[in-house]
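Each of the two complexes below includes chain A, the first together with chain B, the second together with chain C.
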Partner chain A sequence: MNIAAPVRLPDGKADLSNFSDTSRLTHMNVNAPPILRVVDLKKTFDSFTALDSVNLTVADGEFLAIVGPSGSGKTTLIRLLVGMEEQTSGEIWLRDRRIDDVPANRRPTCMVFQSLALFPHRTVGQNIEFPLKIRGVDPAARRARALELLDLVRLPQHYYDKRIQQCSGGERQRVALARALAFDPEILFFDEPLSALDFRLRKMLEKELKDLHQRTGKTFIYITHSLEEAMVMSDRIAIMRSGRFEQLGPAEEIYAKPKSRFVAEFMGEVNLFRANGNGKSVSFEHVTVDPVAAAKSGLKPGFQGYMMARPESVRLLKPGEGADVTAKGLVESEYLLGSRVQYLVQLDSGYKATVELSRENRVTWEPGLKMGIGFDLDRTHLIQEA
Partner chain B sequence: MHPSKSGRIGLYLYGVLILAFLYLPLVAIGFASVSTARYLSFPIRQYTTQWYAQALESDTVSDLLWISLQVATIVTIVSMVLGFFGALAFARYQWRFRRLYQKLILLPIFFPQSVLGLALLMWFNAIGITPTWHTAIIAHLVWIAPIATLIIAIRAYSFDPALEEAARDMGCSTWQTLREVTIPLLMPGVVSAGLFSFLLSWGNFPLSLFTTGADLTLPEWLYAKMVSGYSPLVPTVGMLSVAASIVLVALALTVPLLINRFTRKSSD
Partner chain C sequence: MERINQRLGLLSALPVGVFLAAGFLAPLCVVAAFSVMPQKVFSLANLPDFSSYAIMLQEGYWESLLISLAMAFAATFILFLICWPLAFAMAKVFGRFTLVLTIGVVMTLFVSENIRLFGWVLTLMKGGLIEGYWRNWTGQSFDGLLYNVPVIIFGLVYVYLPFMLFPLAQGISMVPDDARQAAFDLGATRWQIFREVELPLSAPGIVVGCLITFVLTAGAIAESKLLGGRAVIVISDEIERAFTYGQNWPLGSALAMTLIAVVACFAIAGVTRIDLDSIMGRKR
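Right, the complex of A and B next:
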């Protein structure tokens, strides 16, 4: 287990009275045995391989986000994990119990669906109580728990008798969440539940979800195609591509040190410069690299791959200014992003580089502005790729 | 969108004409059933309820009503059950020849009913079954069960399969999923399918004509009476039949509401 994310303590103001199990107060117990272990999981539909040998270990109390473009296999993976689909081969272990042959209704996991799947013929309260009713809990206890959960997801108590149709999109999210928590699953799965909401509400619920994760101490596994969502909420991010994990690690690591060009480009805007080493020296496309700095940085002469520089690592060079890596160009356009400013620079080689500066460093831009770009090697990351 | 004033008047006029077209014949029958005259002619000279009294006392009429009621009730129940499971099979499961089967099932609806009735009669004869009102039930089902299936399937297609998956995910067995989610959600479709089944069976003439044998249903008797030996009993029994249908529709509309209110109270 290598989890680089810090062990966080819960927010001191958080209301923990609903959770008797205080051993879960530490956000994640890295030394404890993993709650979920997936071994060589494969799923094929006829001739199509949806999932190609996935291996995964999740710590108790972790918030894991699985991110990938549509068709990358993330939905198939989550459906296998909750038992709605049967794997072609491989194993799923929940703590020390193998669960891949246990049907969905007997797995101690629960999922919040993309469509939320709230029962339209039941009230908010009846929806939340549903898993308890199925378990045979008596009506009074059910009701008490539902009211507690309404509190936890910040819905007023009188919502208990409301119809689902009377709730707004954000309220429905909370009801779905409360229902899943009523089930009290070992692992709570999310299948892009926020994707249908507008931007502001989504941002708010992302933060609430993260907060709720810390307060409940549950293990959350969240799939999304939005990287931003994953970065805001999760401890670790798994990037999926054609049925495999391309990279798995803390958000910061995936952002700063992507293992492949795919991950680098998936994780937001990036400048990539092809590097070809012939064994004696390395030549870069589009940019000039200072040989002294290159030698000092320990760049191997046989390196084949890409040099990556995030837009915020790149500067616009004033005349006379220098950097380890430079290129001349024409500043094509300027975009104001609020606290930051972005420039699109057409380099002399034709490559379009993106530069992002804080607002204080904004330059006086006009069409046809000639300015070079520059950045230092310690702000770059090398991606080995043939 | 708001139509202009002349447009609005036009729409009202259109609506009134449609209603007149639909209901004037029925009103005429109503008048005929309360006239002392043997044949309907306006103005009606003398009103009477004697035909109603006679109809209600008549053994023939009560036999007719009883047979029609039995046929329609059994057809309704069987259609609802077949339609429910048929609709689920179409909307929820993927199987070979599903689409083809779906079309084949609906084909009897497009058969001219009299041809279908004759074909069924010949079929009953071939396998040695004497036609009675029991065989009429089978004949009605051939035509009505596909319609019921279609009505319920529309409902089944329109609800999110994730609802059933969610129920299962939260611990429901197959039976619990059916009871807690599928049946309540399909119920409006099942009720309308039942209503249609009953009314289609209750008023069916061409299928009954061929397949009831010596027994008579209400529409058959009405037809026979009109062809030979007309009396004002015909419009009277017709009106009684319409009244029965209206009572049924009213029941179908109010019973679910009552059940809903009752179950919500009991779960509180």
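Right, the complex of A and C next:
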């Protein structure tokens, strides 16, 4: 399936690379003009730059996750997008309307807060109806819509008269979601709403949220520091670092082809080996690379950067077994992950490599076990970085 | 555990309970008893009658009561309007300046109410600060600004400002910022946020502030005496005169009991509507 020009970048060029994984985008109308366009958005607090010229284009109906460590500017970005904060410079466009000077209460977007920000003095029903009441919808219609929304977020109808304090954490999440949907926003923003929940509930709500996204067809922009959450739910992931997008693309692409060491390490466990090319050949730290395989892989002799191998691409070598890249080491410890097993291998050079095998390939491990590790070049990714 | 807590609670409340019974409840009972004594007696050893209450109704004392209550309402309402923005700023905007403001407002309480009111008398009277300067600059004279109902209400507002300001600020600080922001994000205007979120969530502070100011202003006397002259006679003035000049303790007691009853009705109606624990700190 070929999707033409799904997203227009601010400079007018179509960015196809972000949509290489088209199988996940069937619910999105990628041919329509983008719903949100952010151009050179900047925000500084006194001398501190919270947001450093962010550019972003979001397709109608997309589920975009913005991920980053705390302090990376993701909360500032979302507050600018919903209108709770004013930018220092830059533009925000919603469809063909510039909205960055429109106050939050007149923007057709809304946000589910990290704290949920439910009104404690109102019942579940009154909370959900709030945006409708503000618009002057009559009580009967309001109630009907609230009951519909209770259904949509899978809460029983009798919760309509329940007090917020009587609801559990997960139920409050659903109420907050229903209230935001009652507003009927063009774009629904989420500021880490699941971060306070326990693991099982979070997993369940992640799936429900994804399901809800597909059923409502709305554009969701979701902020989180949990990469796992982002990968489960979103079409695309933006990785943020010190006020900038470090990389933006489908989860699979960011996982397999990170553009920087930061993204590689942020996207889970990874083995990175420094590579220094002098123009004639490339030397790698910690590992031995077969020169024939290296030549065949098209490795440029001037390459400067890192060779990345995810733990699941690395094998423990049996005696006599070879690979494009090899190293010897001491298998320090073994961790059982259920269906998979992880080994921490201290290489002779001192580097600690992580190897992840499926359970069938588990080796008999004992303290002091010495083994070689190896992986092939076609399972690696090169990150150019000085 | 709960029972031990309960018993410990009763035990620790005992000293203050005894103190309140002796110092507060007992005099109140004496006043209540005197209010049903015949006119102008100085002993409780008489047959009770309701002549004092009858006189109160017949001789127009209820007018003073109404005037006091009306001025108390007006002062409370004006104080609410004035204090809301200030309290909001103290709770949400000013930051460190709040402390300076708090100290400034509290400092005024260190000076006796009468002296502060005399200051206003000197400012507002004919030949005082305002009229004097006006005459000096324009050559025209006027009668001074004292001795009318508005100036009494001004005095009440001036004197009782702290009693409205601090409970309001406390109440507003209980409104979560994100609830206000969420309302704004969901399309509410400034006014709708006030009505739908801030007002109900700061209700305990509002009720406490309004009750304190209402109770105090309804019983206030100095403002009407010093600033109001003889423009109107407030109920406290009547009570004082019945006990002193009039030498009629039963009538004074009856007036006092009526004032207490009316004010208590408002207080009870207000307090039962709010969760006092939420502003006084959670009980265990």
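By definition in this document, the second predicted complex is superposed on the first by the 360 of 386 C-alpha atoms of A that agree within 3 Å, B and C clash if a C-alpha of one lies under 4 Å from a C-alpha of the other, contacts with A are read in each partner's own complex, and residues count from 1 in each chain.
Going forward, contacts are C-beta pairs under 8 Å (C-beta built on N, C-alpha and C of every residue); 3 or more make two chains touch, one makes a residue touch a chain.
These numbers were taken from a predicted model, which means no experiment stands behind them.
K.L.:
Taking chain A as the common reference for superposition, should the pair chain B and chain C be classed as clashing or as fitting?
P.N.:
clash
K.L.:
Which of the two partners, first being chain B and second being chain C, lies in contact with A:L272: first, second, both, or neither?
P.N.:
neither
K.L.:
After the superposition on A, what does A:M233 contact: first (chain B), second (chain C), both or neither?
P.N.:
Touch partners of A:M233: none, neither chain B nor chain C.
K.L.:
With both complexes superposed on chain A, which partner does A:I373 reach: first (chain B), second (chain C), both or neither?
P.N.:
A:I373: touches no partner chain.
K.L.:
Considering only the touch criterion stated at the top, classify A:M84 as touching first (chain B), second (chain C), both, or neither.
P.N.:
In the superposition, A:M84 contacts both chain B and chain C.
K.L.:
Name the contact category of A:V58: first (chain B only), second (chain C only), both, or neither.
P.N.:
Neither partner.
K.L.:
Is A:M307 touching the first partner chain B, the second partner chain C, both, or neither of them?
P.N.:
neither
K.L.:
Just to be sure I read the superposition right, which of the two partners does A:L94 touch: chain B = first, chain C = second, or both, or neither?
P.N.:
neither
K.L.:
Where on chain A do the contacts from chain B and from chain C line up?
P.N.:
In the superposed arrangement, which is not itself an observed complex, chain A uses residues 82-84, 103-106, 110-111, 113, 115, 117, 119-121, 130-131, 134-135, 179, 183 for both chain B and chain C.
K.L.:
Of all residues in chain A, which touch chain B in the complex?
P.N.:
82-84, 103-106, 109-111, 113-115, 117, 119-121, 126, 130-131, 134-135, 139, 179, 183
K.L.:
Flag every residue of chain A that touches chain C in the complex, lowest number first.
P.N.:
It comes out as residues 82-84, 103-106, 110-111, 113, 115, 117-121, 130-131, 133-135, 179-180, 183.
K.L.:
How about chain B: which of its residues touch chain A in the complex?
P.N.:
Interface residues on chain B, with respect to chain A: 160, 162-163, 165-173, 176, 180-181, 184-185, 267.
K.L.:
Help me check something: in the complex, which residues belonging to chain C touch chain A?
P.N.:
176, 178-179, 181-189, 192, 196-197, 200-201
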